[in-house]
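Below are two complexes that have chain A in common, paired first with chain B and then with chain C.
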Partner chain A sequence: MNVPFGFDASLAVLTLAVAGYAIAVRESFAAVIAFISYGLLLALVWVRLSAVDVALTEGAIGGGVTGALLISAAAKVGNGVADVSRPLGRVGKFFIAFLCAVITIGIAVAFLSLPESAPTLAPLAAEHLPSTGLGNPVTAVLLSYRAIDTLLESVVLVFAVVGVWTFASDHHWGGAPESPGRDRPEEPLVFLGQILPPLGILIGVHLVWTGATEPGGAFQGGTILAAAWILTMVAGLTKPPSIGGRWLRFALVGGPALFLGIGVAGFVIAKAFLAYPEGYAKAFILVIEAGVTVSIAVALGLLALGPPGRRLP
Partner chain B sequence: MNALTLAGLSGAALIGMGLYGFITNAHLLRKIVAFNVIGGGVFLLFGAVAHRGAASGMSADPVPQALVITGIVVAFSATALAVALLLRYFKETGTPFLSDNCETSGSRSDVERS
Partner chain C sequence: MTLLTDAFTIVCVSGGLFFFLAGAVGLVRFPDTLARLHALTKADNLGLGLIVLGLLPQSDGVLSATKLLLVWAVAQLGGATLSQMVARVAKDKTSKS
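Right after this comes the complex of A and B.
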């Protein structure tokens, strides 16, 4: 890619400025909006590092879903009135800024003094790519070479949902999370809630399917499916589900359970945990990705909704 | 100076800025935002360091990319947990700030119920 240096420089300046605004601005709502822009700008920086898979993840999760989560939190807690019993004086702030600058300079010096040639596993990853039947080396790392990382990662999401649910009050247990939108959503929002989810589902499924050969994959696709779901709830078209629902819980743990099941079956059919039989690797990977995508979408949606806050009638 | 060096230096700057915000902002939601700014910087620095190994035929080393993708998802899980903790704290105390004299005499939501 032939991009003038000016583009990279302005992108870096813009990213730092937006991050600085997110830190320095007074209103927490403005800080969250700046943070979302920061996530999208970071995604652009990742594209410039030729890491399109990371860019999609950063844009969808780092900017999008995290943004949705933080916006609803900011709307609930507001700015608050600070307890000024022990304010941080100007000298204190300056001292902290100085120490943080020292850390930044230290990291920058360490980064610039790295040797030219770096150790890399890229040739090894490229060499064995044909045996997985995949065309995207990142998907090969995620679901074949280091499948155990991805298995544990999908379990982390389930644990996070369990962790969030534990913050429910006792008398709300078994109920549903509060609706993320207003009682009477504005008409444009309802319109978007009707028109965008079909597109979101299409793009989400496409990203999962194409992830085998091109940038994309279960996490990026699952996030977009989750976003479509959240949008319908914000627009008041669907209600948050009761956390006790059997289908909901099945969808939540189904993906990791399927992944684990195929992993254990690997002992029999391919002589190792999480190994795939020769020639069928791609088929197994696609089945796992399909299951994991559903669980990721449900888990991300539930994490954005928060703990149950009302009882179902 | 190229895109790679610039990304590494931006990562270093973002870590410092995020750390400053994390320490000086008393508002708990702002601390969560600042922590995620640090996270973005760490990922970017890692990506820039790892990208130097991409010379061997590929546009980028896939192993560190997979690591960063895993990292972003786990960071979101941790953020969701932190936000849930903050909202519960806010419900109990009515303030998004940590206080020295936190009253421990029964929570507000329990009082509302009785």
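Right after this comes the complex of A and C.
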């Protein structure tokens, strides 16, 4: 047994064990912590599969942002065992187990019946990489070959924020979400909130910029920017913005709007929707990524803040 | 020269792993929150520090070496802040009961 195999095997067992614990544990807070650990382990799995782009996204979004959202949700619901007023009967449990088994067997059959050399578009993607001016094939897929998917993803985030805002009561509409931190944050947290965000901004921008040639991109970078923003609010250094603010809304929809605008302009300048003119692909992609990054950061921050809960004075 | 740096790496990373192991054992075995925090900070501080120190000669340039050091520094900062906050909550709880 060589070392990489031993490592991979332990990683696989540990990931499954943590996933099982996250489902089995009754206490909501413990389940959330297990889920975050599971996300970080999954990021390691992606690294071992040489999919560093996916690993970054999993670590930032699956473990980080989702973890933060779940923690605040668990804090609001209360750290107890879920209140099940009407427990599922035997038929209901059997039905759920049946559906889960069907899905598991279906995935297993699909996986096992894959041909020896799985069908892949990777050579095609690598072949056309020079025409995009990029060095990272993942970014080329996301922003050139399959740009429509990424456009829709960035729009979905805006809808998610609108969905969260619809939970605001009428007299809070236009106000600001409640501050995520305590009224008097601990001094170490304030210190961290002062010292870490500059570094977070640097790393976030670096991840977006380097995404053209190496693993990284708008989602990963935007998540780190959002985390820096949330940290300053938790530390009480900045106040949550009022959701009616013009600049806030502009930043939220700016990225997708820019993306869509350049896509429509593609009809004129490159003869197709979401096509880039010959030789300028990289420049257009960088502009889109910059805009989308800001929107992703603002959207994730607003999702973490939740619906507006207090009126501005 | 390679032999020497490799030996340095092996010694340092093994030392780091020892502190991680000791930290994990302490986390499971120690009686109360503050003692468990104490065990964790050793893993964060010395464990990660020694691993980063051991990997420095293996990095392929100043830039990646700086990144390694940055990882350690950020983990320090986060770990120290978190231990402070957890310790304060633990103290509040014990003084209440």
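The rule is short, and it goes like this: the second predicted complex is superposed on the first by the 277 of 313 C-alpha atoms of A that agree within 3 Å, B and C clash if a C-alpha of one lies under 4 Å from a C-alpha of the other, contacts with A are read in each partner's own complex, and residues count from 1 in each chain.
By definition in this document, a residue touches a chain if its C-beta (ideal position, glycine included) is under 8 Å from a C-beta of that chain, and two chains touch if they have at least 3 such contacts.
Keep in mind that this is a model prediction, so the values were computed, not measured.
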Q | Partner chain in contact with A:268 - chain B first, chain C second, else both or neither | A | neither
Q) Of the partners chain B and chain C, which touch A:73 in the superposed model: first, second, both, neither? A) first
Q. Which of the two partners, first being chain B and second being chain C, lies in contact with A:188: first, second, both, or neither?
A. second
Q. Touching A:91, do we find chain B (first), chain C (second), both, or neither?
A. neither
Q) Which one hits more chain A residues, chain B or chain C? A) B
Q: For A:164, decide between first (touching chain B), second (touching chain C), both and neither.
A: first
(Q) Between chain B and chain C, whom does A:137 touch in the aligned arrangement: first, second, both, or neither? (A) first
(Q) Applying the document's contact rule, which stretches of chain B touch chain A when the two form their complex? (A) 1-21, 23-30, 32-34, 36-37, 40, 43-45, 47-63, 65-70, 72-81, 83-88, 90, 95-97, 99-100, 109, 113
Q: Note which residues of chain A are touching chain B in the complex, please.
A: 3, 5, 8-9, 12, 15-16, 19-20, 22-24, 28, 31-32, 35, 38-39, 42, 45-46, 48-51, 53-54, 57-58, 61-62, 65-66, 69-70, 73-74, 76-83, 85-86, 88, 93, 96-97, 100-101, 103-105, 107-108, 111-112, 114, 116-123, 125-126, 137-138, 140-142, 145-146, 149-150, 153, 156-157, 159-160, 163-164, 167, 169, 171, 217, 219, 300, 303-304, 306-307
Q: Sort out for me which residues of chain C touch chain A in the complex.
A: 70, 74, 77-78, 80-81, 84-85, 88
Q. For chain A, which residues count as touching chain C in their complex?
A. 186, 188-189, 191-192, 195-196, 199
